[in-house]
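Each of the next two complexes has chain A plus one more chain, namely chain B in the first and chain C in the second.
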Partner chain A sequence: MSLVELQGIKKFFDNVRAVDGIELEIEDGEFLVILGPSGCGKTTLMRMIAGLEKPTAGQIFIGGEDVTALPPRKRGVSMVFQSYALYPHMNVFNNIAFPLKAQSREKKYDKRAIRDKVENTARLLEIDMLLDRRPRQLSGGQRQRVAIARAMVTQPAVLLLDEPLSNLDAKLRANARDELKEFQRSSNITAVFVTHDQIEAMGLGDRIVVMSQGKIQQIGTPQFIYDDPANEFVATFLGSPSMNILRSEVFSFGFRPENFLPKTLADNPENSRIFHYYIKRVEYLGSDRLLYGYVHGHDNELTLAKVPSNVRVALDVDCDYEFAVHNSDIKFFDRQSGQRIEQQNLQGVV
Partner chain B sequence: MASGAAVLNPRRYLMDDRRFVGVIFLAPALLYILLLVGLPFLLAIAFGFSDVTVGNTELNFVGFDNFVAVWENDIFRQVFSNTVMFTLISQVFILIFANILAIIFTQEFTGKWFARFIFILPWATPVSLAAIGWLWMFDTKYSPIDYLLLQTGFLGPKGILSNSRNLFWLANPALSQISVIFVQVWRMTPLATVILMAGLSSIPTDILDQAEVDGSRFMRTLLQIKLPLILPIMVIALLFSMITMFGDMTVVYVLTRGGPVDYTRIIGLYSFQIGIEGGNLAQGAAMALFAFPLLLALALLMLRTASRAEVR
Partner chain C sequence: MALLIWILQNFWSLLVLSFATLVGLRIAYRFRKYGATRAELSHILRRSPFYLVVLIFCFFAAAPFMIMFLHSFKVDGDLYRRPQPFVYRQDPTLEHLESLFTNTAYLDFIRNSVVVGIAVVIITLILALPAAYALARLTGRWGERAGILMFLVYLVPPTLLFIPMFRIVVMLGLKDSPLALIVVYPSFTVPFSMWLLQGFFKAVPPELEEAALVDGFNRVEAFLRVVLPLSLPGIISTIVFTFTLTLHEFIYALVFITNTSRRTLSVGVPTELILGDVYFWQPLLAAALIIAIPVGFAYNLFLDSLVQGFTMGAVKG
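Let's look at the complex of A and B:
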């Protein structure tokens, strides 16, 4: 049995189907990332796991127990909000101690136990020298650690994180990502992490759940989702720049800009598809050259190519070149539904 | 324009002059403060140190004579202690009721809009009208309160409270004071409630959600999260209602005229009675000024507390 199980979860706000039929199992000790654009229902889904929202339909199990009707304090979950939601009038010690004090009646913590737990957790997150400070005297990174310490101090079954890195500046974020992952691995806690940032999702998740319009589009490891997208939405949502999608009569096909290379660079051209590519514009991005242009026969569909800068091939604006994509890197999708079509089912057509 | 490009009009208008516009915008507020607050205040100080009366408007400087005379006046001492007592006691009740009401009105329930509307009415009613309404409620003979008590057996020949048919709300020393305090609380609570409601709804929902996930129940969230976070706003609400009450004379003027004897006389009323009705402008002004240092200290203290308290 999985640690967390969601069965047929729906949440409607008036006429808006925020979450529309979610089936999901979260394994003990895994780092699960829920990824999707804003408004896709990911935060609502997390709030339902936390117990802050009641599902319109469906059931939630944590540790085998049906918690659908239980308030947050009886679910063994804790949460880190995007804003960190530190209590501004309490110092760091009291912030971290708050959940312990709030649950002291059920769990019978005395003052001594609370002090020990707070200090241990603070030491683990290297904020033990900040215990007397107020939240507003802390940097963004320190606030985030305090929020995580407060969430961890009760040793919850599940740690819910709602975009906790988006308030940090870009430099800090990469570092915080690494620390968070390291911390999750060493403490072996089950983490559910909500984000709209695909880099965070790819970097942190053991598995990624891609959501859109209240529904799960695909679940899988980062690499699986990137290499084998289940539909056009997943294909274009992951990757930067996103996958090129070209339309033909009955199906669409797509390939990633980094797999779209000059024919002279292709590993085995006999297993590749060759396109005539007209380059309209070149962006030099340091490590890569990003090409904007059109594939012959698809004059209205802007197609991008990402060529590493260390490849010394002349690529000039307003010129035609032969570009190749390995057959296995071309994905086919149904034109109507956007669902993936396996290549062998298309043999007759292509 | 043929070229399509806008040509800037080189002429400078009077309204482009920041200094001129600034003066224009400030003038109404400045005039109001100077003429209706500043001037009377200076006049009160001038009167307080003089021997001016309604009959003799000549201003002769007499030093602190008026203040000494006022302080040696036993009635004034009673009046002064009445003012302080009424203000403090009513503030306690206003704060308690306003907090409870603010918490109720920030919850979701059916009929909330109507309930809010009803509770705001006492504050929207002109003071004098409200006081006249209460004058009838406390009427010596026809008080509806007495009538209810009579019907329920608390009053009357075998009554529990009294064997008379009336309690004589405004004639009994203790009851008259209670009545005055009651009306002030009734009148001032809505404003304090509205201020506290604004404070409560300014608490970020993330903080309250966090407290819920952390396992905090209603009372803990209230006492340890909500109240500390709205403390600065509570201080502002307190300051407002204290200053309003300290300077008010309408309620007692309508209800009791300060009686019985001097039990409900307060500074604002007494200074009006001595200075305007009695014609002794100098002593009336001196009395009014007695409250000034107290209010000033109070205002400074509270504003400092409010700015020092931490909201985020």
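Let's look at the complex of A and C:
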């Protein structure tokens, strides 16, 4: 049975459909990432799971119990906010102990028990030497750990994380990502992580939910979503640089720049499609060469190719080359709806 | 006593002397730190016009206090002899200060003002804290309009309201009692404080309360444990300003209370020490000075947060 279940969740602000009919099941112990561009409703969705917003329609179940009408404190969830929302007037110890103090009315923690729990959690996150400091005396990375410690100390059923890495600088972020994943795995907690950063999503998620315009576009493992996008939006949103989309009369087709290689390098050219590719510009990115150009017959659709630098093939600007894409790497989409079309359904058209 | 007389008689020379000493010490300090070089000298010369202007403004700000102070100790003959320079030509006297405390109900006035002030502050906080929080957080577009509407109440002057208010006070049987003021003053202190507090509450990020909600508290607890401690400086300055509002209120205090010993400072002092066109200048000035000094200190201490409170609400609104 899944731990969290969302059924037909909708949220309208005046006439804006922020979240528009979400069906989602979150499994116990998994790391679920909700990925989408800003304004796609992902944060609103998370706030509804937390109980900070009331859904316009639909039901939320946590641990089998309908919590739709319950306030946040009765849901057994905890949350790490984007700004961390540490209480500036309390030191780190009291910040972490704050949720325990709330619980102690029912569970009767004494001071000793609170101290033990706080210190254990702090040790786990390696912030036990900071317990006397105030939040403003901490670095960004330390604040983030305190926020996670505060969310973890009560051992909640679900940990909600709202872009917790976006306030860290790029160097720290990779490190924090790794530690967060490690921490989630070792503590076996169920985490829901909201982000607009596809690298974070791909790196952290057991499963990714791609959202756009208040709707779920696709759910699946990072690999599955990357390789088998359900529609044009998912195809172009994931991947950097994003998938090339070329349009023909009845359908569009797309292929990823890293699968678009000179014909001489193709594994089995007989199973590939050959394009005449005109190179307009070349960028050297160290490990790769990024080519900007046009495929013959699609002169208005900029097409990118990403060729590893260690492939020593001469690729010059203002020249035509034969490039190949393996047939299985070409994805077809309906021109109107943008939905994926299976290749066998296109026999005769291609 | 002799020292006081000596200070008063040499007031101006002492003032100039102490100022000159301060300037001298400052220059000596800089010379010790940076050396008595030509560059240092020109630095001092360059900066001196700035400090001169500051000095002039300081003088204008402090002059009323100095004049009140000087005149409080003059004998009548010295005070009324023209031309009136601010120096002592006859010996200073404490007689007027004595008569202020013994012949008038000055101590009663102070007590009444403090009692009324504290009671009004408490009532105001009880009403304005939740109202301001609601305006800052829990309402949409109408919240702001309601806030502006309530602030408009503050703009209706007591000169328009004192007659109907008087009838209400009589009806309640509170005439001639400081209770009348305690009941009526919140009519202007509540909107004022509410507006001020709203600005401070808006400065507390909503995420902090949401964090408290998720951490297991309800909204009232979140308010008490997170919002209130964080806006404590704002609340303290609101208390100071509410208190001073009640301290200088005149019309209600004049109309509602006729019994001398039940009057507050703002009415008691002028009615007791001005008889028709006779002004008892020395005790009058002393009475004003004695309350002006603590209020002035408190006000200046919190002036920044007052301005902050109003502008925070305005900018973030």
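Quick note on the criterion: the second predicted complex is superposed on the first by the 350 of 350 C-alpha atoms of A that agree within 3 Å, B and C clash if a C-alpha of one lies under 4 Å from a C-alpha of the other, contacts with A are read in each partner's own complex, and residues count from 1 in each chain.
Note that a residue touches a chain if its C-beta (ideal position, glycine included) is under 8 Å from a C-beta of that chain, and two chains touch if they have at least 3 such contacts.
As the structure is a computational prediction, the values presented were derived from the model and not from experiment.
A.B. asks: When the two structures are superposed on chain A, do chain B and chain C clash or fit side by side?
C.D. replies: Once chain A is superposed (C-alpha atoms), there is a clash between chain B and chain C.
A.B. asks: A:R134 contacts which: chain B (first), chain C (second), both, neither?
C.D. replies: After superposition on chain A, A:R134 lies in contact with chain B alone.
A.B. asks: When the two structures are overlaid on chain A, which partner does A:G64 contact: first (chain B), second (chain C), both, or neither?
C.D. replies: In the superposed model, A:G64 contacts neither chain B nor chain C.
A.B. asks: Just checking: does A:P88 make contact with chain B only, chain C only, both, or neither of them? Give me first, second, both or neither.
C.D. replies: In the superposition, A:P88 contacts both chain B and chain C.
A.B. asks: So, A:G286: does it touch chain B (first), chain C (second), both, or neither?
C.D. replies: In the superposition, A:G286 contacts neither chain B nor chain C.
A.B. asks: Residues of chain A that sit at the chain B interface in one complex and at the chain C interface in the other, please.
C.D. replies: Residues 50-52, 71-73, 77-79, 81-83, 85, 87-89, 98-99, 102-103, 150, 154 of chain A touch both chain B and chain C.
A.B. asks: Please give the residue numbers of chain A that touch chain C in the complex, ascending.
C.D. replies: 50-52, 71-73, 77-79, 81-83, 85, 87-89, 98-99, 102-103, 150, 154
A.B. asks: Of all residues in chain B, which touch chain A in the complex?
C.D. replies: So the residues of chain B touching chain A come out as 204, 206-207, 209-217, 220, 224-225, 228-229, 310-312.
A.B. asks: Quick one: which bits of chain A touch chain B in the complex? Just the residue numbers, please.
C.D. replies: It is residues 47, 50-52, 71-73, 77-79, 81-83, 85, 87-89, 98-99, 101-103, 134, 136, 150, 154 of chain A that touch chain B.
A.B. asks: Quick one: which bits of chain C touch chain A in the complex? Just the residue numbers, please.
C.D. replies: 205, 207-208, 210-218, 221, 225-226, 229-230
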